[in-house]
Structure formats: structure tokens, C-alpha cells
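Take a look at these structures.
Across the two complexes that follow, chain A remains constant while its partner is chain B and subsequently chain C.
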Partner chain A sequence: MLRRPAIVILVAVSAVPTIAGLAAALWFGLDAGAFSRVLGTPGVGLSIASSIWSGSIATVISLMLAHLAVGLAVSGGWRTRLNALTLPLLAMPHLAVGIGLALLLAPSGVLMRLLSPWATGFELPPDWLTVQDPAALSLIAGLVLKETCFLIMALMAALAQVPSARLQLQAQTLGYGPLKSWLTAVAPLLQQQIRLPLAAVLVFGISNVELAIPLGPGLPPTFSVLLWRWFTDANPLIHSQAYAGTLLLLLATAATVVAAMTVSNLARYVLRSSVQGGRRHSDDRFAQGVIKATLILLWTVGVLAIVAIVLRSVSGAWRFPALLPAGDWLSRWNDVLPTAGNTAAITVALATATALVGLALVLPAAEQCRHDARTRATVGAWLFLPLLVPQMTFLFGVQVLLVRMNIDGTFVAVLWSHLLFALPYLWGLLAPARAAIDPRYRQVAATLGAPPSRAWLTVTLPLLARSGLLALALAFSVSIALYLPTLFAGAGRFATAATEAAAAAGSGNLRLASVHALLLAVLPLIAFAGAYASGSWLFRHRQGVPR
Partner chain B sequence: MCLRRHAAHLIAGCFAAVLLAAGGAAAEQDNWPAVVAEARGQTVYFNAWGGDLTINRYLQWAADRLREDHGVELRHVKVTDIAEAVARVRAERAAGRDDNGSIDLLWINGENFAALQSAGLLHGPWVSEVPNASYVDWEGNPTTLIDGTIATDGFELPWGTAALTLFFDKSQVSLPPTNPATLLRWIGDHPGRFSYPQPPAFLGSAFLKQLLLLLVDDSGHLQQPAGDDFGKVTEPLWAWLNQAHPHMWRRGRLFPLSGPAQRDLLAVGELDWMLSYNPSEASRAIRNGDLHDGIGAMHFAGGALANSHFIAIPYNSSATAGARVVANFLLSPEAQARKADEQHWGDPSVLDIDKLDTDDQQAFSALQIGTATPPAAKRYLPEPHPSWTTALEQAWLERYVR
Partner chain C sequence: MKPLQLDKVVLSVDGAALFEPLSFSVLPGTVTSLLGPSGSGKSSLLAYLCGILPPAITASGAIRIGDENLGRLPTEKRRLGLLFQDPLLFPHLDVAGNLLFGLSRGGSRAERRRRVDEALASVGLGGFADRDPATLSGGQQARVALLRVLLAEPRALLLDEPFSSLDDDNRERVRKLVFDEAHRRELPTLLVTHDEQDVVAAGGAVINLSGPNADKKE
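Here is the complex of A and B:
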């Protein structure tokens, strides 16, 4: 590995700050006095419990939905459609989903307005806890919406590693229906492949603030939101409480992940006994229908959430049960545009830089391990590290280090923090794409007398272009969505769409939040549309260029 | 001992008030022309919260006028929290920069004033030198002299007064309940339609203090630091809240997170009430289209929780003459009337209108008051000692977060 510098640099860029951040967090967070203040906070036990509960339940539901969806889509022949359904939801930042869902599901939200008063008879919004409920059901719904899509993508990517068609066929010849064949023969193997993404989903579920701020319970909030309030408090004494709290968050998350691993082993045992039972159902039509309906429901909710965001962003006074806001829509936008324009510029600049620098780091490394699947997997696992630790814990450590080096609040610091989260996705997309390119293309180019650099530019690069464009869009979207990294590394000086939306949602000001959420939702969609369009344009005269 | 020193401060403050009212400062004001002459050509860096466009535009107007009339260059340094500026003054002191400081004027009150004043980092006393200070309603509005129970001692000049105001939807509230008992009855009769921002959000804590001031027998007791009798004194407050919460929005299991959040909820029809320290907030919101028409406003009959905000000069300012000229302008009837104008800012004036000459009185009475702005509160209740605020917030969390 050491003889391949690009790989070393890539891994170092990600792992060094992550590990140093964790170490710093442990060093500065261990403070007995602060711990006892954390534990003495009213409702802190309930707060930790609701974090673990919402993260775990959402992960279980998302995993089951994702397995069923992929199994049915592959055996039912609608794999491409599943891709098309999940990608837009995947591209939508968590914060935007959270704010959108809050605006959709609240008693005065768009859903209730659609039904009132003609169906419900409500002239005033009912006093229901449909969002921010104490059982965290709305938070779980938001997590399921996003994480199901993430896990579907992870499973689809893992399909390449598993001889799924052959396995399913074998099970079917034994008389099992397509779905049961899939679940018993293919799904367990896929499950092995997606352990890291699954752990990331669980960690995010427990420790996120992006969905928990707009959707999570209020009295008390989830533990991560409590910590986030402490971090943004003006009182330095409270900060030390937040530092100690991040270690507690780390502990709670690690304990849950270990517990989840134990439970999943148990579940495998139970599944095996059900296979050994040998019962056979061959008719999947009902399951197909239910799963398709569930996916369409998720997708519709996602679209309606965007509609709710658009409506709220242009509304001022908007009394229930009017379906559309009153007043002059355009003038409301004019009020917001000057500040929103500034925010958008910073957001886009950061995201573009993240995507380009990330690509520049990943491409040479992917080149260097194109024949070496094991190194690819190892690098992938290292790059995944920042997604496996609660963001707050190691980012707080990173912040302390940045302050010590006096480079907090600089563009480079923020860019670097964004790279930590964009690199795993870039690698996941580009490393396999590079490895899949048939080496004989280059051999042909060499035979024709092209030096390696020219062969790379004229042969390899065009073959990689579509994946590269998609990777750029993905990294761009990841950066757009990042909130805590910008907050911690940016010293509060970088106002991006995510920081503004989170701050507004954090003080309960959903109208202001919706303006920034709209920006959050739209920018990734533009990026993906741009990637697809420029890919098609680039190869408008070509056939058979890999997608 | 702390208590006694506190009482001494209060007495000193009141004494200063009497002096000012009696025109005892006339001698100091004789020097004013010299101050004005010295100020010409100076640049005054005014560190003030910059989070509101209307306020920023108001200060821009003031800067234009000061340049034309007095040759003073006013620069608004927009800060997100004035505590940053307090920290800067402290840092300059630590670095030994005892003159030519980077800040000449501060928009300040409460704990930030207390921090600078107790560390001796303010210039002054200078307030009595400023001619327009004689128009201030020192007698009628005690919050102009006592800033969060700390006597201002002439080190900061009142610039505006805030009074806790309750706004309601007139279509749902026919007769506004102006005391805690009738408000409690209204809440019981209209389940799910009342709430207040969740303490320790600024306005939520203010609501607790307002109720406490009205519910205790002796509100003067709250001017002293909270002590062992906290539980006993606050008993009526918790009794009120325990009765109200089950009938409030979301049965008291969820609260709006801030003032703006509650305004949002009023705007979409989830609540019939909102709170603000600024009596003209609803009128402004209606004009901007953020709230619907038909909003009413009230203060509690027993008095409105009030505080003033001030301007002060750091000890190391090199433009104290310019700063005083700016302060004098900001306190002029013209500037105060424009500040009270809801089209420009809508912040209530600290001047006693009766002390003004008829032309200036005209300017105030000609102001267009929005339909949702209440008449001035009949009584102002000064803030309790800061220790009550922290204790109330902590006790609230312990009781209602579970």
C-alpha cells in the first residue's frame, strides 16, 4: 500500500482528522464534574432512551422494507424503476425532509388542509401531537423515508458481489416462490455485504440532529438535540456539559450497535429455522402489491413534503384550513432573495469545491488499486469510518484541534470536514466503476503507440465520464446536506442553506426554515439532473458507453 | 452583605433620578457646545445587534443625519450578539489597549451591562451631560434607571423600553382576560389554543416572571436575590401552571421553541395567542403579511413586565465626544418619534411626552399606530433580580420535562 501514494493520501485525508478528532474528544470530554451535570439534567434518561429507540426502530423497519423492495424488484423485473423511485428521495437532504414532513404532517399542515373542512369538519386545526410526539413516531417516519432509500441503494450495489440470479433459481427449483427464494438464499448474503452501511444508518439514526430538530420529541428532545442546544449556548459552562455529553452519545451508540449485532445473529438463527421448516408459498402477488404501494406512498410523501416546503416558503399569514397561502407570493420571495442568494452562493461554492477536490483525491487512488479488490475494500472501510461514529463526538474533537491550530472558520477547514463525508460515497461509486473498465482497451491504445498518460486521457477517462459526473453530483449533494461539519469547522462563520435551515428550525421558526429547506431540496436535484444531461450530451454520438 | 450593597445601588439610582428631574445636571450641560465642537470629524463605531433589516435602516438614517448636522461619522458595526462586543472590550483591557479602543458605543442591557460595569470597563458617568436626557421619563418608568436590578448610575443612557405584550386573535378572544385568574379561565374554556415559548427561551422565561410578579403578594421581594424561600414564594406560579398546562396547546407536552415560533403558530391558526416584548410587533407583522388582520393586544392590568435597552460608551473609546453627540441625537424627540414609528422601527420611546414642546408632542401624536398595537401599559413592572430567572428556568425544567 505504501508504494501507492495516492491511496495513502486519500486514506490519510479521511482517517487522520477522524481519529485525531475522536482522541481529542476523549481527552477534552472526560470531565467528572461535567458528567454529573449532564446526568443531573432533567429528563436526560428519557432523552437518551428516545434517541436509541427511534434510531433502532427506524433502522429495523428500513432494513426490512429495503430487503423486500430489492427482492421483489429484482425478481419482478422492475429494478430500474426502483432506482428511479429512490434516487430523488436519496438526493434530498435530511434537513429538508424533516422540515417538509413537519410542514406536511402537523395538524395545520398540508395533509390536514387537503382534507379540511370538507372531510374532517375541522375549522381549527385539531390539537394532535402528529409531529414531535413523545413516542418519536414522526421522527421514525422521517428516518424510514430516508434510510430505506439509502439501504436500497446499498443493497443494489452489493448485488454485484453476489450471484443472486443463480441462487434464486436454485431455491426456486426447490419449490419456493420468488420472494421466499430471495429472502432465504440471496438476502443473507447481501446482508453480509451491507454491514457497514447498515451500521452507519443505525449510528445516524441515534445521533442525528437533522431530522430530530424538526420532527423529534420536544420535552425532552432526543439526546443529540439536547447536546446541540448545549453546543450553541452562549454559556461556556454549558459547553463542557456538551463535550462530556458527546462521549455519552458515543457510548450509547456503540452499545446499541453491539446489541444490534447480537440481535441480528439471533435473527439469522430464527430465519434459518423457518427455512428448515420447509413451508412453501409460491404466490407473491400480494407481497408485490403491498411493497409497491408502500414505496409509492414513501415517494408521494417525499413529493408532498417538497410541496409543503414551497407553500410555506411563500406564505406569511396562512390560516387553517386555507389550502393555499393568501397574499402576494412574489413579493414574499423578494424579501428573502437577497439573503438567500448569498447563502446559496456559499453553499454552492463549498459543494463544488468538495466535489472537485474529492474527485481529484479519489481518481488516482482508484487507478492504483484497479486490479486489487481487497485493497479497494480496505480503503472503502477506512473511508467509512466518519460515518460510523456519531458526527458530534469526533467533530467536536476536530473543532478543538482546529481552534488550537488557529484555522477554525477557514474555508479549507470547512472543505476538509465536508470531504470526510463525501469521500466514502465517491469511492463507493468510482472505485468499482474504474475496476470494471476492461484493461484491454488500454492495451489496444498502447499497441497503437499511445503513451500511458494519453491512453488514460483518451480511453479511460471517457469510459469513466458518466460515473464521474454522477459521483460529482453525489459529492455535491452530500456537501449541500451537511450541517454539523459546517457548524463545527466553520466557527459559525459559514452560513449555508443547511446551517440557516437548522438554526431556523431549531428555534421553531418553520416559515424561515422552509425558505432554506427549499434551497436544500432543489440544489441536489439540479446537480443530478445536470450530471445526467451532460452525460447524455457528451456521448450523444456514441453507443455503449457505460452508464 | 450582597443584599445590602444591592439596596444601596437602588437608592443611589433613585437619588440620581431625583437629581436629574430637578435639573441638577444643568451645570454639566453648559459644556455641551464644547463637546459638539470636539465631536466634529470623529468617527463613532457603534456596535449594535444587526439582525433586523428595519433597525439597520433606521441606524443608516441616523448616520446620514449625524453626518449632515454634526459632521460625525456613525458606523454601525453589526454584531449577532452584543456579548461578542463585551468580550472584545475585555480582551482589549487584557491586552493593555486602554485608549483608542475599537468600540465607541454599545447597544446593551442586563447582564452585559452588569459585566462591563462591575469590571469598570465603561466610560462615565456621562448621561447627565447629554441635553436630551432631560426629556427621559425617569420618574414614570423606573426601568430607565434600574437595568435588571442594577442601578445604571449614569453609565448608560436609555434608548427604548420594552413591555411584555400579549397578542390574541380577536375572532377567538372576545373579551381579553387581563389578569392571571381570568386568563386561566379562558385557557380552561378554550382547550389547546394557548401556549407560551418553552423556557429557557427568552420570552418563555419572561412569561414566567410576568406571572410571578402578578401572583406574589409582595413583588418588591423579587428585587432581591432568590434565596431559600424560592419554593414558597413561587408556589402560586406552579399552582397556576399546573392548572393551565392540561388545557394548553398539546396539553402542555410540547411548547413553541421561541417567540417567532409562536408567531408562526398564530399565523397558521394553531394558536390564538403570542407574546412579544415589542408592543408593535403584531402591527408590523400584519403590515409585512406575516400575520392576518384581526389581532388584538393587551397588557396585564397589574402591570407589564418591562425593561429598557441602553447605549453605553466603553472606557477606552477615543471618540467619547462623538459618542455623546450620537447618543444625544438618538434621544432627540425627532429620532425617538421616528423610532416609535411602526414604519421605521416601532420601538416605544423612553421620553416623557409631557416634557416636550408642542411641536414635538405633535410629532408623537401624529404617529400612525397599527390596529394591533396596544396603548402604552398603565404600569411597568421592573424585572426581578437575575437570580430569579435562572432559578425559575431550572425549576420549570425539573417540573415539566419528564
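Here is the complex of A and C:
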């Protein structure tokens, strides 16, 4: 390990602040008085329960949908199409999805306008709680929309580790239907591979504010939103309450993850006994149809959410049943454009710096463990750490440390906090891509007289270019979407699209939020489109270059 | 050209030698064939000569070109031409780019390009300079790979079963081309192969790597 400094540096950049942040959170958050004030807050029990409920249910639904979708797509030969459908939704920041869904599903939202008055008879928005409902159903819908896509991608990446086609074929020749073959022969192996991403989904589901602010229940809100309000309160006494609360959030999350592991063992047992029964389910076309319909529904909702953001952001007055806003177009943009330009510039600068610095950290480390799958997995697990803890808990600790070092609110501090969340994705994409390059190319280059540095620049780097461009776009998008890290490390001095959108959504101003949400949604799409287009253009006449 | 000499070369895995100490020399313009079952260490021997031995294998013994000891030199300074079983043309460069990568330094841009075009024409691939290597047939790729090695002006040629991935027709043509070039340029050539016909065509010394433990194994 010590002989490979790039790996040590990479892991240290991520793990040191994360662990120090957690330690600081424990140190400064443990305060009996604050705890009793947290527990004495009216509705706090319900609030915690609502967090755990929404996070867990959404994770279970997303996991099932993702497994079924990948199984169906791979055995049905439309894997690339599933990829293409998933990526745009995956690239959409949680905040934008949340705001978009709120605009879509609200009683006066686009969905109701589509159906009114011809189907519903409503001339005025009905007095229904379709978003921010007490059962957190709209929040769960938002989480499912995002996390299904995330898990589909995680499963697709895991497919490379498993001889899925042969296993599936084996089960099918024994008479099992395609879906049952997948679920019994392939899915359990994939499940082993995605334990970390799955835990990250559960942790995010329970502790997120990005979806819970626009979609989560109102009275009481989810626990993370409650904490978020306390953090943004002016009263320092309330702050100490928030500190203690983050530890409670950590506890609730950890307990749920442990419970989930128990349940998943149970599920494995049930699955195993269902195989031993020998039922074939050989004709599963109906089930396949249901799954496909669900996926299409999910995707349509995602697209409509973007449409809702666009419509709302350009509209001024918008009388209820009218599907399109009347006149007064772009007036909202005129109001915000002077500051929006500045916000966009800071957002893009941060995201670009995150992507470039992240790449510079990851590439040498990937180089140093290209022959060593075990080290790659270990590094990956370490880099995953920030995604396995509630963001608020360790970010609060990080903030305390930054203040002590007197560097809170600096660009470097915010950039570093963004790196913590971009590095696991960069690693997940680039480390396997680097390892997959045939080492003999470099040996050929050496025998032809190229020293290692020249061989790397002229052979390895070009072969890695496509993955590198995608990785840049991915890290860029991750940074665009980050809200809490900017808030905590930036000391409120950095106005990005995410902080502005969250603040506007938090104060109930969805119209203002939609403008920033549009920026949030568009920037990652531009980045990914750019990465794909430039990769294809660079190698437009080179069929043999790895994708 | 000077001969390629091996002096008491031994490769070992976990302290166990793969074969008895090996000493021989390959004279300029001749082809020595290296035979042996898989796992006998014949490909690893070529890797050792080039300085690209995997860390799991340790080696001792001297390698020389003429009087120059190669053992301490990094791969890129040894100037030994290595042809693998696969052509391994760089997929991100066109045919000319691959050859320019190999071509030794010096000359103006136009001069270098002219030499590449001439080389291509000499093996019947005139006009292929701008092609994507992925669109070439196996035999064409093998010829480009050979040119790439020759343009680097190696002091010896090391062939790791370079004909085995070709079909019968191409195999014979490419083999003749490689041996003719080795002969014409007076390159000492070491060929690793399974194929009896390769050995016959090479027409030089034959070294059998059966290993010190070969008798005990089966």
C-alpha cells in the first residue's frame, strides 16, 4: 500500500475528512440537554418514523423494480435501450426531480391540468394532499424514480462480474421462465455485488432533504428536514438541538441498515425455498408486461416532471385548468436572470473543478492497482464511506473542523466536500476501465522504444479517453446535484443552483425553485451529451477503441 | 548485426526453476525455434528478454547482444522487436499512426510519412495508411504489426507464436515474409511455437524446453 502513494493519497482525501467529521460530530453532538430537547419536540417520533418508513419502502420497491428491469432487459436483448432510458433520469439531480414531481403532482399541477376539466370536472384545483402527503407517498414516488435508476446502473456494472447469460440459459433449459430464471439463478449473485450501493440508497432514502423538502410530509416533516430547519435557524440553542439530532439520525439509519440486512437474509431463504419447490413459471409474459408498463410509467413521470419544470419556470400567471401558461412568458426569467447568471457560474466552476481534481486523483491510483482487483475493491469500499453515513451527521462534524481551522466558506473547502461524493463514482467507472485495457499494448509500446511516460500518454490515455470523458461528466453531475455539502462547507457563502433551489422550495416558492431546478436538470444533461458526443467524434473512425 | 546470446538463464516460480539453465546464441539472420508444452516458460523467456516479466516470475542469467548486457536496461532501451500472437495494433491510431509510432526517430514529417508509405507498399498494403486497423483482415493486421516492429530498427526479433492466430493461407505468406525480412536484415530471431511447420520453415536450431521436472510430472 505504502509503495503506491497515489492510492494512499486518494483514500486519505476521502476517508480522513469523513472519519474526522464523524468523530467531531460525536464529540460536539453528545449533549444530554440537547438530546432531551430533541426528544421533547412535538411529533419527533412520528418524524423519525416517517423518515424510516419512506426510506425503507422506497428502497424495497426500487430494488425489486431494478432487478426485474435488468433481468428482463438482459434476457430480452434490450439492455442498451434500458441504459439509454435510465441515464437521463440518473443524471437529473434529486432536487430537480423533487421540484419537478411537486409541480407535476400538486393539485394545481400539470397532471391535474392534463385531466381537467374534461375528465375530473374541476374548474379549481381540488383541496387534496397529493404532494407532501402525511403517508409520504409522493416522497416515496420520487425516491423510487431516482433510486431505481441508480440500482439499475449498479446492477448493470455488476453484470460484468457474473456469467449471467450462461446461468440464465442453464435455468431456462431446465424449463424455468425467463423472469424466474433470472431471479433465481442470476439475481442472488448480483445482489452480493451491489450491497454497498444498496446500503447507500437506504441511507440516502432515510436521511435526504433533496426530495423530502419539496415532496415530504409537512406536519411533522421527515426527521432530516426537521434537522435542516434547525440548522438554518438563527437561534444557537436550536443549533445544539440539530447537532444532537444528527446523532439520532445516524442511530436511526444504522438501525435500519442492520434490520435491512436481516430482512435480506430472510428474503434469500424464502427465495431459496421457492426454487426448491420446482415451480417453473414458464409462461411469465403477463408479469413481463406489468414490469415493462411500470418502467414506462416511471420514465414518463420523469419526463413530465422535466416538462413541468420548464413550463413553470417560464410562466407568469397560470390560471388553473389551462395546460399552458397564458402570456407573460419569461417574466420570471427576467426577474432572476441577473442573479441566475452568477449562480450558474459558481455552480459550473465548482462542478468543473470537482471533475478535474477528482480525475487527477483517481487516474494515478487506478494506474497503480490495475493488476490488483482486491485493492481496487478495498479502495472502492473506502471511497464509498461518505455515501454510507447520513450526509448531515458527518458534514456537521466537518463544518465544525473547518471553522476551527478557519477555512470554512472557502472554495477549497467546498470543493473538497464535493470530492467526497464524486470520488466513489469516478472510481467505480475508471478503475475497472483502466484494468480492462490489455497490458500488452503498453508492452508493445515499450518494446518499440517508448518510455513509460510516453507510453501512458500516447497509448493508455487515449484508450481510456471515452471512459474518462464519461467520468468527467459523471463527477460534474454529482457536484451539480450536491446541496448539503455546499451548505455546510460553504458557510452559506456559495449560492449554487442546488442551494437556491432548495431554499426556494423550502420556503414554498415552487415558481422560483423551478428556475433553479431547470438549471439543475439541464447542466448534467449537457455534460453527458458533451461527453458522449466528443467521445464518439474523437474515435469516429476507430471501431476498436473500447467504449 | 550482432548475435543474441543467453547465458545460464533460469526462470523460477516460487523458487522452483521452470527449466534447466539455458545457454545458447542466435546468429544474425538465423531463426532459432523454441519448443515446449504450455507452462514450460517459453513465452516467459521472451518476456524476460524484453524486460516485461510479470513480478511472480523471478529470473537469473545474462542476456547479451554482442558484448552489450541487456539485463539492466529498461524495455524501451533494449531495442528488441517483439511480435505477440495477436497483432495488437493500437486501436486509437490509424495504420500510418501505428507505423509512425514504431518508426525510429529522425527525419522530417514528410520524410517519415514517405517511409511509412514505402513500407506498406513493400508488403502489398499500399494505400492502407489511413485505414482503421479494426477494418483490416487478420493477415493484413499481422503484416502491419511486423512493419511496426521492423521500422523501430530492432537488434533482434522475438516471435511469440505470431502465426498461430492466422488461417492456413495467411500463415504461410506471413511466415515467409517475417523470415525473409529477418534474413535480409540479418536479425537474430527467436521463435516460440507449437507448430512443426514453423520449425521446418525456420530452418535453424531447435531448443526443447521440457523443464527439469518434466519426467516427474506425468
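One rule holds in what follows: the second predicted complex is superposed on the first by the 544 of 547 C-alpha atoms of A that agree within 3 Å, B and C clash if a C-alpha of one lies under 4 Å from a C-alpha of the other, contacts with A are read in each partner's own complex, and residues count from 1 in each chain.
Assume a residue touches a chain if its C-beta (ideal position, glycine included) is under 8 Å from a C-beta of that chain, and two chains touch if they have at least 3 such contacts.
None of the values given here were measured: they were computed from a predicted structure.
Judged by the touch definition given at the top, the superposed model places A:A255 against neither chain B nor chain C. Contacts of A:V403 after superposition: neither chain B nor chain C is touched. Look at A:G449: by the touch rule set out above, it reaches chain C but stays clear of chain B.
Chain A has more of its residues touched by B than by the other of chain B and chain C.
With both structures placed on the common chain, the touch criterion links A:P462 to chain C but leaves chain B unconnected.
Of the two partner chains placed by the overlay, neither chain B nor chain C lies in contact with A:A160. Of the two partner chains placed by the overlay, only chain C lies in contact with A:R440; chain B stays clear of it. Looking at the shared chain after the overlay, A:Q543 reaches chain C, while chain B stays out of its contact range. Here chain B touches chain A in the complex through residues 81, 83, 191-193, 198, 201, 249-251, 253-258, 260-262, 264-265, 267-270, 285-286, 288-292, 397-398, 400-402, going by the rule given at the top. Looking at the complex, you find that chain A touches chain B at residues 41-43, 46, 106-108, 124-125, 127, 129, 132, 134, 218-220, 234, 316-321, 326-328, 331-332, 335, 506-512. On the chain A side of its complex with chain C, the touching residues are 438, 440-441, 443-452, 455, 458-459, 462-463, 465, 539, 541-546.
Within the complex, the chain C residues that touch chain A are 50-52, 74-82, 84, 86, 88-92, 94, 101-102, 104, 132-135, 148-149, 152, 154.
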